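Can you keep this structure in mind? I'll have questions shortly.
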């Protein structure tokens, strides 16, 4: 059915397949009066573009965005912002052999069962190209958040077994290595690991971490639409993500209350916390400290090794997935996680506008 | 704003505070013709009721459900099912001291900032009693799923550092220990650990695992409303949950494609998988194998130890949380995780009804 | 499916059947800090209560409201407000004969076809009692609107063929006659007409008009969620309503642009209009002038005359609807139309909060 | 905020302004396996295209549709269908004079107040071109409905004071006159009337009627999402519509129960009605008879006569609206009303799929 829309007030709808005419998104509900142009969006898209390092697919797609609506004289007008990216280097011949085979780890089998029909040219709707719409929307959400002093930043915490421990983070190094890790030395080791996997026609996954600073207190709705719950949906809805955690996450399950509770104290008139095991949320609402989330990303499913599978006629067979695939999608997923986080925060910022009569009087009675 | 509703077609709305008149839910969108009575719901509620073992709060609440609408002659009628549970043993005097203090680990501080007002008697809306509405709805969803041959089952995988390894699961032992662990021996060790924490006025968390068998292939919508994404929202929206993972989850991030991909094969005419690292979903849709998810639950925030905090006047102070609290909420959370999973599956079953013209012709042309 | 919820941010969910335990509503998304108590709601409910004049059913229902949640110390807390009205004078024996017959003008036939099961005691979910939840929510919405200087007022414009022309409106007379008409003389004629219909075991309909003053400019979203479009849904969703119009409505279709366009002019620094054919909306947004809508209400379907119909076995037969029914529901529908209008306005007021960056900066940057 | 999306399961999102790059829609939730191509959509768009008769604007826009996604080998795939129509003959110089003036009858004033910014080139988002997205979606919905034997048909019932009485309908004449009236003789009179208004630089409105045959019984949800309520929203959300009625509509308000109730009878084993004052709905659900709705359309607001207004600096002034405008938009609105009706019906058909367990068992247990 209709599951291509995300968000309640800041609401995005993505569309498009890997081998159709293009992909895009409609961003509805962006407030009027936000300065915005194509460069703002292109900068985000360039971060997920293929072909940027030896660890990403060699497909050549410029992914140039066109804004079709919603902007007038460099400002948002409050009407839907429609963005379009044409597909280019499709080479659909590479995918001919998968028309009748179900690729392990891919959506081919449930897609066929669910719809009775499948666009077998590449991943179709389940392709990573679907994230282009998300990233374009994330650029808009980030622009909005920046205006309010909120900064969202994602990076690669681990690649396969290579992890940067929190105490060794050097944020300034993130843009210095092609894996977007906050530590160049670990990134170099991870890069060698990826190279060895490529030689073995294998692939790996990793963990993306995302932080947000400057959030007002109280974002998130206390029951089903908790800040952490919506972030979990947003991030888990990205193709290869298999787990999401906030703050100490799974580690918290082995901790104790006396350690895990973050004590409050006053600092220059502000309520602060002495630790941040919670990762910035209490009761599903932002608590004024840094938001921290992590997404577990599985190894790329497309590997060139021969694998066992079945075909659409229900026979056992082998498959060798051709085409040019990323040995690890983690570095390209960084901006997608950052985008989904920004979109969720922008939506909750808008939802929070009417939380109390004091806000409402401030807008309507003056 | 309005964040008390979950689900698109099978849609629940919960309401109520810990110390108001009661709590409840409206379950809208349940198909007509499902046999249902109060016993079906009461059985679920009894699983989360306090006072059932020495590891749960001694509060005495019978939590008796009344169905106010939506049932006629033992069957659902297609109209909203409204359920009400009156609050009983409130003892709001226990909570007097927290009216002007922010409890560490609780929602008090962001709640006050967000709304400018807080029902300081207990957790108010952020109390664990809010889950009563979820569990009542979960009972209805489970009844519906059972009719279609789908079985959902949750249990405690770990308590603090005590974990049951998958290879030592004995499902039949789940109801035999008060921690709902699939291994009585580990449960006994975990129980001793909880007892020692109680003596230290401390608390712990744990991991709840939930499985579902018998799912049709293709449940879940391929983009934002992926099966795993909605499960992530549903489960992360439960009070103390800090992380959610599907299948191998975070472990998958350190694996390789050649290992993590589950090969397909044919078995008696059915498409099967030789492994299930994916945990039952591919591309956000059920793949016909067992659904597996885990929720990380933080240690109970209410501990009797004195903790540092601030008061509503912005002064540093100490707090000693009185009242009767669970040293670990994991065993009571088991049925809540199971309920949120069942609700999500029921909703996606309904959403999937119109996925293809073949379904639509089957209903309208015959 | 789930169609018992209305509103995006100020969101109501109603539940309950005429002959079940009771009826009620959950009002989610009401801002915190609004003074509210049971009297505020009871006053609204008393306006739709049966048995208030000789023109309404003699059923004796006190319709006493209980607020179950969402209020603390006389103020809304931002959490869902759950209201409950127990059913009392049900006399379900009166309805025994309709268990197997489809009453003309009623929902019995499509209800049975849609759900395969029908609560045949009275109208079930399609009973007028369902509007109790709407009116309770309308009381809350009105309280909110009043705080912002918005006043909503509905009244009976016509009963059967008896209409009060606009130029003869005397608003002060509305509460003076039991038909809530803005002209006592016409109300007296209409009353005699109703009496004559009662003698003939017949019924009539009428037109309810609703106005709102003090609206800010710009409420309503420019495309599908236009102010007039949502009002149309809201009002047409009331049981017996068969038509909705805004401003000149159907008359405008026979007018000319040169007459129908309302010229703007300045008055003491404010943009005003010399006429109000538009009824207060332009392009789906409030334009600062009075909002005017009308709802056409059909004659009561329950009449004591013998009518032709069929039974659930598919046989031609006669039916004589027993029970105590309103010869005209228009006076009791007045407060329902007013409520649905108020709910819609409250929702759009909240939706409009984030329309422009200027608003957002005002809340978050200061 | 975000009001550019309509529908719950068959869900459309429109975007675009009159003088931007183009307009379009994303149609999400269309079932897979529906034959569909660009011609299906172009045929619908051609019915609303300008320049088709002397009574419509002379603007020259080919309005050629491009389907960007969601179709594979001539069939829908279940993924979102994105359609794009580029803007062509914009001549934005015609609109320069309205940049600082509020056109009477237009959305200029509330738009500016709401958003603080307005795309003053033409109507911007409030332009009639926004309906292109609706009509494209209507073509898809109609294709779906036709597969199930449902036929939707709209036509012009009246132009200004010229009305075709029901007893003089000749449906075959609808495509024979450029006003799409079901009576060529009345159409000719109406045409002369329009010509006279054009000479006077004036405009008129009219009434569009829409019927649907072949509907299954039970479409529509019994409370807020009644068939008639959603149709009211859908149709009232079209730019110039000021009123909506179902069946006898406003006339029913002056009728009697004994006349207005439609008696049931059996005909060849089917439940039928001897009359259809209800217009095909009972209790908000389709009753198996013909659905009948009417939309009142106001006179075109853009007239070349000089009118009083104010400017954006708050000064009284005059305005003469230049550009090429329709003297009556009714004939071009016919396909828009038909489209919004079809979209609503398609959505309710999908929503009804899970109304009863019998349906659900039919899909999942077999």
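For reference, chains read A, B, C and D in written order, and residue numbers begin at 1 within each chain.
In the analysis below, a contact is a pair of C-beta atoms (placed from the backbone, for glycine too) under 8 Å apart; a residue touches a chain by one contact, two chains touch by 3 or more.
Just so it is clear, the model here is predicted, and its values are computed rather than measured.
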Larger contact count among B-C and C-D belongs to C-D
With chain centres defined as mean CA positions, report which chain is farthest from chain A. C
Just the number, please: Cα centre separation of chain C and chain D in whole Å. 25
Rounded to the nearest whole Å, what is the centre-to-centre distance of chain B and chain D, using the mean of the C-alpha atoms as each centre? 44
Interchain centroid distance [CA atoms averaged], chain B/chain C, Å: 38
Expected list for chain B, residues touching two or more other chains, is 1-5, 8-9, 14, 29, 32-33, 78-79, 114-117, 125, 222, 350-351, 354-356, 358
Per the touch rule, the chain A residues reaching chain B in their complex are 1-6, 14, 102, 104-111, 113-117, 125-126, 130, 158, 160-161, 197, 200-207, 217-218, 220-226, 228-237, 239, 241-250, 252-266, 269, 271, 274, 278-279, 282-288, 296-303, 305, 307-310, 314-316, 351-352, 354-356, 358
Would you tell me which residues of chain A are touching chain D in their complex? 1-5, 7-11, 13-17, 20-24, 26, 28-29, 32-33, 66-70, 72, 75, 77-82, 84, 114-119, 124-125, 350
Which of the residues in chain A come into contact with chain C in the complex? 8-9, 29, 31-34, 78-79, 144, 147-149, 216, 222, 349-351, 353-365
